[in-house]
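Labels A, B, C, D, E and F are assigned to the chains in the order they are written; within every chain, residues are numbered from 1.
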Amino acid sequence: MSSLITKVRAKQIEQLLENGKRLDERGLLDTRELKIEQGVIEKAEGSARVYLGKTEVLVGVKVETGEPFSDTPKEGVMTVNAELVPVASPRFEPGPPDENSIELARVVDRGIRESRAIDTGKLCIEEGKKVFIVFVDVYVLNHDGNLIDASAIAAMAALMNTKMPNYEVKDGELKIKQGYKPLPMRNHPITVTLGKINNKLLVDPWLEEESVMDSRITFATGEDGNICAIQKGGSGYFTPQQILEASKIALDKAVELRKKLKW
Amino acid sequence: MSSLITKVRAKQIEQLLENGKRLDERGLLDTRELKIEQGVIEKAEGSARVYLGKTEVLVGVKVETGEPFSDTPKEGVMTVNAELVPVASPRFEPGPPDENSIELARVVDRGIRESRAIDTGKLCIEEGKKVFIVFVDVYVLNHDGNLIDASAIAAMAALMNTKMPNYEVKDGELKIKQGYKPLPMRNHPITVTLGKINNKLLVDPWLEEESVMDSRITFATGEDGNICAIQKGGSGYFTPQQILEASKIALDKAVELRKKLKW
Amino acid sequence: MSSLITKVRAKQIEQLLENGKRLDERGLLDTRELKIEQGVIEKAEGSARVYLGKTEVLVGVKVETGEPFSDTPKEGVMTVNAELVPVASPRFEPGPPDENSIELARVVDRGIRESRAIDTGKLCIEEGKKVFIVFVDVYVLNHDGNLIDASAIAAMAALMNTKMPNYEVKDGELKIKQGYKPLPMRNHPITVTLGKINNKLLVDPWLEEESVMDSRITFATGEDGNICAIQKGGSGYFTPQQILEASKIALDKAVELRKKLKW
Amino acid sequence: MNDKTDKLIDKKGIRGDGRKADELRSLKLQVGVLSNADGSAYIEHGKNKILAAAFGPREMHPKHLSQPDRMVLRCRYHMAPFSVPERKSPAPSRREVELSKVIKESLEPALFLELYPRTGVDVFVEVLQADGGTRCASITAAALAIADAGVPMRDLVVACAAGKIDDTIVLDLYDVEDKLGSADVPVAYMPNLNAVTLLQMDGVLSSSELEKAVNMAMDGCKNIYAMQKEALKTKYMVVKETEE
Amino acid sequence: MNDKTDKLIDKKGIRGDGRKADELRSLKLQVGVLSNADGSAYIEHGKNKILAAAFGPREMHPKHLSQPDRMVLRCRYHMAPFSVPERKSPAPSRREVELSKVIKESLEPALFLELYPRTGVDVFVEVLQADGGTRCASITAAALAIADAGVPMRDLVVACAAGKIDDTIVLDLYDVEDKLGSADVPVAYMPNLNAVTLLQMDGVLSSSELEKAVNMAMDGCKNIYAMQKEALKTKYMVVKETEE
Amino acid sequence: MNDKTDKLIDKKGIRGDGRKADELRSLKLQVGVLSNADGSAYIEHGKNKILAAAFGPREMHPKHLSQPDRMVLRCRYHMAPFSVPERKSPAPSRREVELSKVIKESLEPALFLELYPRTGVDVFVEVLQADGGTRCASITAAALAIADAGVPMRDLVVACAAGKIDDTIVLDLYDVEDKLGSADVPVAYMPNLNAVTLLQMDGVLSSSELEKAVNMAMDGCKNIYAMQKEALKTKYMVVKETEE
């Protein structure tokens, strides 16, 4: 967008890419520095703050009780909500979620849901009547690009940090016992996004790159290396070859990240 | 409105009317060609698509269960909603219903409700607790004038096409039996709208006429020839004589239409 | 605001104040004429219309049944809502409540709630399940300044006028007996607002004064002379000395008003 | 309209509230009751208590709603939360949206819209207490508010309903008759121009019953019209006295 | 994606609705079906019934959304309340908001946005009946509507899903397979440019399964593309005949 | 304020969290914590964790809200859904709307509004964790964010509450005291100008108790003020070091 970055800047980014370089001196397949702080909101059942370069996302998890969906009467419910909080960017405005925050929430949701990361079967209190509801609230605090990966990692880190009442269910009655136990998890998806600028693929695009890139593609992969969610975004396209290439890069990066995070 | 149709066009319409003629070559009391297709949405409990000239309205009926109103604990509930879908006209915008769609829904509702077209007493499952709710959704797909008549006819055609679960109520319990049965109906109102341009009354105004007409008046009549709903619209007026004349024309047209439709 | 009152007018007000005078010839500590009419809406459980000079506020009270808050299972609920109805001022627009009407409602609410004016413990029907809910709707009909005091007095006058069903609770069942009884009250707070213009404090500012004043401060006081709510408003400030002075004036005016009203 | 349960009118033709079939409820009309509106009126029509205020002609806000060749009239019909037996949410209901539209269209024929291009007149109606027939009483009050604002009018607009209870056509239904009667026909009328500007009908009527009802409603309108003019005159005289 | 309960595909490779793994559902495409839109199309894709209309290029409303250097494409994907088994509220759901965005982004690569600065094109998609794969069918229809409006395009956009049921990669999932299968991969494609403009995935697939699914979906797209062109030609010929 | 159930302060004058009556909770203040805002600050005040960001002075959007003769300050106080024990809906509550207003009015006296006509400054406050006294901590942080944005100020604004628990006037109530105590008096203050810019009260206090509470709160403000200046200095020095 010419109003956000001069065309000169765009040209500069493109020329660097031709030589395999990026404005911030990363290689094309390098992610920015990732820092995770868990348990930063003591009063929430779970929380994590993730810094991906200068991008900063806080996720808080609340666990409450409520009704299950009628088509899954024995399963707990997870719901993901994302807010592009106006402190994070001069372009974010207060108000109800727009298409960008809804897409962000739904992509984060999909990675967790499709990989069956949470063992929702263990969150049932009384079949069809009462289950635990896990609210995952994604709060974007500083937008420097690639909100999807930062949010997805922060959501997983917050879920892994989530403690819930040490309950026991007897005859459909919920009994709260002393202490807490962790939220039952069975998979740990990792989400990797690539951008495309002038037919070059690059991992973890930051804000300046996002402002000139054609399109992006996101892959979430589970512990078994299978893909559990994909989302293409942006007003450009990918060739079928680029998609295969991107998926390979994303899977490799996920393996790399998984090792680092020990997830 | 000068912004929608040139004043030349308005003059042309008025001069034709002076000679008992209309732009589309109809007589003043002629309705446009009416075509009804029932059952077009197989997955809905009932549906009908109505073409009135180029005006096109689709009505879908869903039958669900819910609570009755507290002042009619033994009766099922009917609710009419209308959407002026933006595919239908460059002047329709997406968003919550505006005053035009609300008026349209309420006029259609009134004709059905006041004529007691649906035998709501037969839609009670458990008094005060559970009844059938009949959702009538009017979807305007192409706006070429006289949405009220097209919608009212489409709503009735959809209701007449509505199948509902072949239920039986035993001790307040709803038992779904095999097969379907029709929605219980006891009247078939027909709705006729007239426009007034330069003190001439004309039946079934189309879009170009609507854009220059002073006002309109709508009459819904039941099988017994009684009037069950009236709505004057537009920023003009009628003389008392014109109202009587319009009511007579509307009743005659309804009889004519009833014969044709075999309602 | 220069767009609402000429700077000349502002200067005039300030010069008068220097001499201890006001545009409408009141002394600095004089309130405008107060007129209260109770029971003006016969169909509401309680109502009062208050005229404070040309400011006019109508309050209606409805008493219904509903659920208590989970943290006060034995207590009835009071809720205050305020509407700056567009008939009251060319500056009021129809639509959902804005920050001004929300602040007004919350300040009125606070005075009643913190002074425990309503004996909510007597409004419980079945603990944790069913209590009486008292809806206090503040309707501003003409805005000539100091809406807070007019609304607070009108709300109290309406509550004192409120009749409710002469119920009896037996085994958690609500039995409506013949006749009505008054809403159980145990305190009668009185709310007094002062404005500050050029470091002068003045009681009961009217519209022209409000348009030039720096800030306002409101004190609600109970029968025992204790303060039960304070609200500073406006984009100016008070010195600590001015706050003490204002509180003394407000308490004196409240005593004076309490005598007059026999509350 | 529900089934009637009890008799709404007795053998002597006397209705539940003591009126005869063609008798209006008591009315009280006041003009110029609000100091901040350009024009205002208050009506008590039976137990209906309604305030109307008019602002304008003034610049429209937002501007893009203004029309290059005429004035725009906007109306809002709104019920106070305490105006009805069960507390009403202040958010506009579908019924209020429809009534706002038909009230606007009942007033427009009285205005010289083309005289004030690019401007707007806003009419706000607040129903403080409802007792059946609020739309008609609102129109009667709104027309007075517009006149009080000094907006030139072809004629006043006045409104009244007729309807059917227990097989009898009656004038000016109140709450109970509105709920339990078999038809309600609100009519707005400009007597000098013999023009009907609002006509709606709920319920079931034959052709001839409709004719009778409309005529009865117009007669009711004419009576209220006299009170409207009186209310304007009263305010005018009071103002004149004040000025002298 | 839920657990599969019953077999969705039998030993002979026949699916619940009688299709083979790589078989499309029956399709019907019509162009120019609405007289008020600048362009329009109707698609029946299996039991999906979807209308798309395009308006523009035209002045944007509100104006501040227009861009000085390019055209703005806006899309709304909307489901009729009666299009799904349980009545859907007409207010846009989060799912509809997301789909509106991805549909828009699947169409943009086909447009010469820079050719019409400061203008807008609006595409409205109405799902009248849903049967699995509505987003793909919507894109296929929306591209036709845009072409019918006369907006120059690099290529048509066509969309189709592939997915996985009972360990088999299959083309064009219908409702039941969508709900009970183990993965769904909607793909939008511009065949002439060999460009994928939409790709999403729900469920679980290995790398190689994904590759197979994307290829199968692209083959499906190519088949539908032929029908798209046919539909445009048909309308064009009909129009031409009419004109002669 | 509810009835007290247990003792909130013991015989030795020690409160539930170990503080004396006139003791502040621990505080941590940081300036310049967000890279995209023109100015920002983070505060930990007890367990309150709050971010504030300031944008401007900049052109207002929408434009019609700008004022020809002065700058417009807008504030939004917003609580994260996870900041409180029971998940809070992200939609603004009535409480948040009121607090946004009083926070704005507590900051305005510190600004030279007339210096930047037609512009706006937006202050966004995000409560990440709430522990009683969030409005005061928000004001303290918001003032720092405005200063960090380089907007000229007459003085910093600093806020702190005092209140009454078990008949004792205490400083800086935390969550439990806020809920179970008998009065809460939040105060915002500009120490250099000796000006109170926010004063509210919930609960019941005598005249002399109020005086004592206000004085205690102002003393608390003065202590926090020193930390505010320190936080600004720290950032300035860090920046300076970086520049060298």
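Note that contacts are C-beta pairs under 8 Å (C-beta built on N, C-alpha and C of every residue); 3 or more make two chains touch, one makes a residue touch a chain.
As the structure is a prediction and not an experimental result, all values here were calculated from the model.
Common neighbours of subunit A and subunit B, listed by label, are E. Averaging C-alpha coordinates per chain and comparing to subunit E, the farthest chain turns out to be C.
Spacing of subunit A relative to subunit D, judged by their CA centroids, is 58 angstrom. In this assembly, the C-alpha centroid of subunit E lies 51 Å from the C-alpha centroid of subunit F.
Among the residues of subunit B, those in touch with two or more other chains are 97.
The set of subunit D residues that touch two or more partner chains is empty.
Arrangement of the chains shown, judged by which pairs touch: one closed cycle in which each chain has exactly two touching partners.
The ring sequence of chains is given as C, F, A, E, B, D, with subunit C as the starting point and subunit F next. Subunit C makes touch with subunit F in their complex at residues 2-3, 72, 97, 99-100, 102-103, 105-106, 110, 114-115, 215, 217, 222, 225-240, 243-244, 247-248, 251.
The residues of subunit C lying in touch with subunit D in their complex are 40-44, 47, 54, 56, 58, 60-62, 64, 81, 83, 85-90, 94, 96-97, 135, 137, 139, 141-144. Every residue of subunit E that touches subunit A in the complex is listed here, in rising order: 1-2, 68-69, 94-95, 97-98, 100-102, 104-105, 108-109, 113, 185, 190, 193-207, 210-211, 214-215, 218. Subunit D meets subunit C in the complex at residues 34-38, 40, 47, 49, 51-53, 55, 58, 76, 78, 80-87, 90-91, 122, 124, 126, 128-131.
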